[in-house]
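The same subunit A turns up in both complexes below, where it pairs with subunit B and then with subunit C.
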Partner chain A sequence: MSNTDTRANQLRNGLATFLGIMTAVAASLGVAVALIFILSKDPSRSLYYYFAGPFMNKFLFFNMIESSIPIIFSGLGIAVAFRSGVTNLGGEGQIFAGAMVAVLLGVWFPELPGFLGAVVILVGGLTVGALIGSLSGFLRMKWNVSDLLTTYLISMGLVQVINYLILGPFRDPSKIRIQSLSIPKSYMLPRIATPSYLHAGLYIAIAAVLVVHVLMKHTHTGYHLRVTGSNRQFARYGGINIKPFYVLPLAISGGLIGLGGAVQIVGRFQSGFLDLTAGLGWAGIGVALIARRNPLGVLPAALFYVYLQSGARVAMMNSDVTYEIAAIVTSVIFYLITAEVTFAFFRRRLVK
Partner chain B sequence: MNALDIPAITSTVVIMTPFLLAAIGGAFSAISGLLNIALEGLMLNAAFFAIVFTNLTGSLFLGILGAIVTTLLLTALFATVSFKFKANIFICGLATNFLAIALSIVLANAFYGVTGSIQFPGMPRLVPINIPILENIPILGNILSGHNAIVYVSWLLLVVAAVVINRTPFGMRLRAVGINEKAATAIGINAKRIQFTALLISGFTCALGGAVLSLTLGAFVPNVTSGRGWIALVIVYLGRMKPLGILIGSVVFGFVDYISNNLQATSNIPSGLLLSLPFFATVAALTLYSIIEMTMSKRGLLKK
Partner chain C sequence: MSTKSSVLFEMKNIHKTYAGNHVHANKGVNLSVNKGEIHAIVGENGAGKTTLMKILCGLEHSDEGEIRFNGEPVMIHSAHDADRLEIGMVHQHFCLFDGFNVADNVVLAKEPTRRSLFYDKDAAVRDVEALGAKYNLSVDPRASIASLSVGEKQRVEILRILYRGSKLLVLDEPTALLTEQEIKDFFVTLRQLITLGYTIIIITHKLDEVLDISDRVTVMRSGEVVDCCVTSDCTKQGIARMMVGKEVLLQVDKPEVEPGKPVLKLEKLSLTVPGYNHPLLNEISLLIREGEILGLAGVAGNGLDDLENVLTGMNSKGEVSGDVLFHGENITNAHPSKLRDMGMAYVPADRLERGTSAELHLSDNVILVEHHSMVRAGLLHAKGILDFVKQRILNYNIRGRRTTPVGHLSGGNIQRVVLSREFSRDPKLLVISEPTWGLDIVSSEFVYQKIIEMRSHRSAILLISANLDEVLALSDRIAVIYRGEIVGMFKNRNLDRESLGEYMLGLKRQSTEEILDGAEA
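Here is the complex of A and B:
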């Protein structure tokens, strides 16, 4: 086979993958339409708000972009883990822990210059996420304890502990709503599209995407991560010391997700509250899969993911459907995004 | 507080039941070589529909039946997508967990116009049944008598599972598929059908596990399963997929849950911290198990 042939086939392969993803996306949108017809008394109104809602005005549009920020971090973290052959189901706890540490640092060190305060908080969130991830990685490396199970279980335990911190010792008694103490206002990242909530955390998210892309594609470490991820035995025979490659990918994964949690505090909320994670960690798994574990793909995947949710939110405010139909729609994506049948279907027709 | 008093025994037996049921089904999947991480969602689905159908029919039996049927349908969806569409079973399992949560909320809103807890005044609940003669034996009576019907069914199912897995042609095929799917296929076993059946069995036992949760409470509460499906997965693993091991695991984790509940009522330790106890205890148990296993296998190698 000549070189140009392979190149053309590579392109066709990519196209087949893209069409496979689009099939899952189209099916999920189809389910959204069907659900609205079943559940809504005024389907056309609900449909309009679901699909056009996020684009109706700048406020809604930029809020949709804002809601993609934490999902970019979690999607990125999960993509690194999956690419490197480890599983991280602890996104919820890692986001929450990153956010809680952000609150604690802000409360304990209230007198720093604004910029430095934000940096300390972000580094704190990143570090705690990385430590949580590393713990599971360490257990896997040392005693072969399933990372799939420990990431989830540690995360669930942490969620309970942080709930306690917010309800108990760090609760802000002056607020009616249950929330933690707040970090100083001077630490908050600037809003970049008022009156919406969109904040400079978006730039951090984009920077993170680029850094992870370069790390995975253009560095030695990234190469080792990918090789051990695709075949651990092969990597070992190739002379890579595979042991650290349980800890490192989970540290990076947890670190990115913890950073996302800290960004939620300095960018959006200023204080912690009980339902802060609200599935953001799980959403990261969906985003990573839509992106086919590719860091650069995480950006469009996260935007699509939040589009589905923002649409449901606008529809809930303006018509009679509940927000949770978005959760049904995203579970359809989860079901179909790895379905080999659709990808094989397009590959058969395109790749010679 | 004396941890081993009579109420402790009775409570542990009741609390362990959802673990035991989910773990029995999880064992069937695990033996056939599948990690069924949808146990959590399948139980949640059943907990919801048990309330819906009990309220609809006024009968506990029909309520449980409704929970079983709907949960089997959800399992069939899960299994069909992963086998027929060749999707990653682990991701499909996650999808099933999400779908179960979303369905319970959307349908609660559609049926009753509420989100959150669902409770109907006057709806029948599962009540303890005392077994004559047995109930009068000290201690043993507290273990064996005074529980609701599903608790007894769970014990029966454990015995049935042991027999099916170890003594029937289906059990043999199940184990063959789990050990080596390709070899099993080569000798004429329809591996996918066996695994499909194993998943349906998980669906059935999780349906009972979910039903016992909501029907003893007499209400559906969001996140009523609170990680029990995941802990059941760990129980399957720690119990080495053996019925006796699963029983021991369920007793241990049932007891941890009981202690965590009981300390909330009787001690000054904040309840949030106690709620995290089952999860951290599970991690500790998993780690300890792996350390022991690793040391044993190293010793074994040294002997050679």
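Here is the complex of A and C:
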């Protein structure tokens, strides 16, 4: 009846979320272990590589961290979209477009000072992602076309167009492998843990998480995004002009994801190649869901995701774990963690 | 057939409390319906009619009570149970699938099949055609639902329960959306169904129709049955008196406040929406002054919510004509942001979907209109917000914390959150709609006290409410709306529920001069 009562409920609510995540993690790891026991001839070896693999040496560990960078960007972009009441299923196309624009800018302006070159490329990637996102937002605002559909369809089209650009006009004929022209070496971000691939893009990713957190939580615009995202009628009732709030969140979302694509080029690859995105856009959706749409949560969620991925990779190299087993284990873990059921269970038990 | 009064079913001592908002919707209700009669159930909004029928149809579960069908006690746990007892209900809001045609909708879940596997569309069309011919309810079975008029949709709903073999038809507000001619045709159909041995329960608050069509009438008021009588022994006035009751229970202490300058003026405000045969609002003229509460009373469906939406910039349908003047400035169709800048505050009837955002924290809900002034160095001023919200929680005695999602609060506390926000800026004009809908006594009294406080602070207040007690207890003047028109304007002196009720139900209306006099008074 009093405030202490609700405070207790508050604590119980937090506890329920924590217990929910822990139970989901424990249950999913249990399922993973069971699967490996059933499917592997040498389960203990497989398990060891699966779960300890990424920590065996610095090279593997820092590469794991490196692989989280694009997923932080895509997870962050999608978390912003979900929070703001729009859907962005176009991560694949936005990453790829950001990467392609990064390549083009590097190729067209090869004479800039190194730092400036990198900045131009990053801004370019961010801009193109934002434009692609806003197009879907505009279609939603103007003709009420589902953003879920347009983000997906535009993205799928873009992937094909960019594959063509890499195969045709911008292919580097001097390379045996099919890849685009390369950007100048001087534009590349510094490696921060040689001999691994880990690069300074990690700092940009962390900075992006912080900026988005502050934007959503502590600014006027972020407040409008959250209010409109949670209930558009309520927002209008409060005097907020809700018209821009399809375009703006999708622009931010697409921009972050496009930036992630550009970071892949200046941090890791230097040139574009076919199907560069390889599911990074989709992974972002899972990561955003694990993070429960919270920008700060994207960081640990992305690390957890790449831990499972790297573990699977190490286990595949060193034991009889196959790609299929790894994929099943990953999906089970994702399914359990994102399922509302586990959270609802503890909330019912704990919160009155 | 000769033993006229063989009882079809009885409901005894039915109790139902909704857990969410502690509304006691049925308090020991008894209902007895005879075979082959048309039984009307009348009562104001919230009297518990629909709840009672949902219990009969297995859509709600009673907390207590017994149902006897043909003398046998029965348990009706689900719509399926009701189906077995041959009970069918047509809801106030139709439940048809727009994407399918008429025949598909009628046979749904009892489709005729070919080789007991495939849906036989042709048979469905034939069946529905035959059924329509038999009961004189003709609708083209191949027509798509979207292309039908309201009257035709109703026929499809009735065909559906007839197709399922229901012998007891429960119709919830069946005539609410029909035109006069459609109502006439509809009643012919009902009488015909009776001659074929069906039993019909009709929920309504239109008294003319009750007298016209029903054999017996049960009157409900605030969850209880007031009386059940043979319709031919009743008068309209008699039923109206039973519906609204006599006693005014509510007493609110109001200090004397001398009304000041005019704040809000409506001049011939109308709202016409295509598809309706009369304007939803028809040339409404009103005037509200500083320090004055104007109560707008009416039965739901007569334009209360339309007026609420038009005045507050939330209207999204039809065409508005006439003028709304706020401090002399024309604000017809203005965006809510402008209205808020000018000093309007608004407590909406729909506090869950419009007045709050369930998933956002209490704090985010409270600062909705205030956050513009809480920016420092480009960021929201956390300390300022903290103090502001703490103050609100304290002043409005909200049982929740800053970070509680509003959806987790009780109904009364959600309304306190809304009031704490809307009453916080010394509003010049307050539009308040159904402020105590679904609230318990304690919360209601709190709400009343706060509204009276705002009156003392010289806000001009428009109170829109279907709750007559509330309107009588709070208002300085009262306007009654019926079918989108103002049919009475009163000073709130020596008024009682009965006489207002006659205006609300369209039994009486003042002359245009009287209304205009009242509007300017």
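Heads up, the rule we're going with is that the second predicted complex is superposed on the first by the 332 of 352 C-alpha atoms of A that agree within 3 Å, B and C clash if a C-alpha of one lies under 4 Å from a C-alpha of the other, contacts with A are read in each partner's own complex, and residues count from 1 in each chain.
Just so we're on the same page, a contact is a pair of C-beta atoms (placed from the backbone, for glycine too) under 8 Å apart; a residue touches a chain by one contact, two chains touch by 3 or more.
Computed from a prediction, not measured in an experiment: that's the story for all the values here.
Enquirer: According to the stated criteria, A:L158 is in contact with first (subunit B), second (subunit C), both, or neither; which is it?
Expert: first
Enquirer: Between subunit B (first) and subunit C (second), which does A:T219 come into contact with in this model arrangement: first, second, both, or neither?
Expert: The second partner, subunit C, only.
Enquirer: Of the two partner chains, subunit B (first) and subunit C (second), which one does A:N231 touch, if any: first, second, both, or neither?
Expert: Second partner only, subunit C.
Enquirer: Is A:T150 in contact with subunit B, with subunit C, with both, or with neither (first, second, both, neither)?
Expert: The first partner, subunit B, only.
Enquirer: When the two structures are overlaid on chain A, which partner does A:A327 contact: first (subunit B), second (subunit C), both, or neither?
Expert: So A:A327 only meets subunit B here.
Enquirer: Quick one: is A:I178 in contact with subunit B, with subunit C, with both, or with neither? Answer first, second, both or neither.
Expert: neither
Enquirer: Have a look and say if subunit B or subunit C is in touch with more residues of subunit A.
Expert: B
Enquirer: Please work out whether A:G239 is in contact with subunit B alone, subunit C alone, both, or neither, and reply first, second, both or neither.
Expert: Touch status of A:G239: second partner only.
Enquirer: Per the contact definition, I'd like the list of subunit C residues that touch subunit A in the complex.
Expert: Those residues of subunit C that touch subunit A are 312, 314, 335-341, 346, 348, 353-360, 364, 367-369, 371-372, 375, 378-380, 382, 399-401, 403-404, 408.
Enquirer: Which of the residues in subunit A end up touching subunit B in this complex?
Expert: 35, 39, 139, 143-146, 148-150, 152-154, 156-161, 163-165, 167-168, 282, 285, 289, 322, 324-325, 327-328, 330-332, 334-342, 344
Enquirer: Report the residues of subunit A in contact with subunit C in the complex, numbered from low to high.
Expert: 1-3, 5-7, 9-10, 214, 218-220, 223, 226-227, 230-231, 233-241, 351
Enquirer: Report the residues of subunit B in contact with subunit A in the complex, numbered from low to high.
Expert: Counting only subunit B, the residues touching subunit A are 35, 37, 81, 84-88, 90-92, 94-96, 98-99, 101-103, 105-106, 109-110, 115, 227, 230-231, 233-234, 237, 270-273, 275-277, 279-280, 282-283, 286-287, 290-291, 294.
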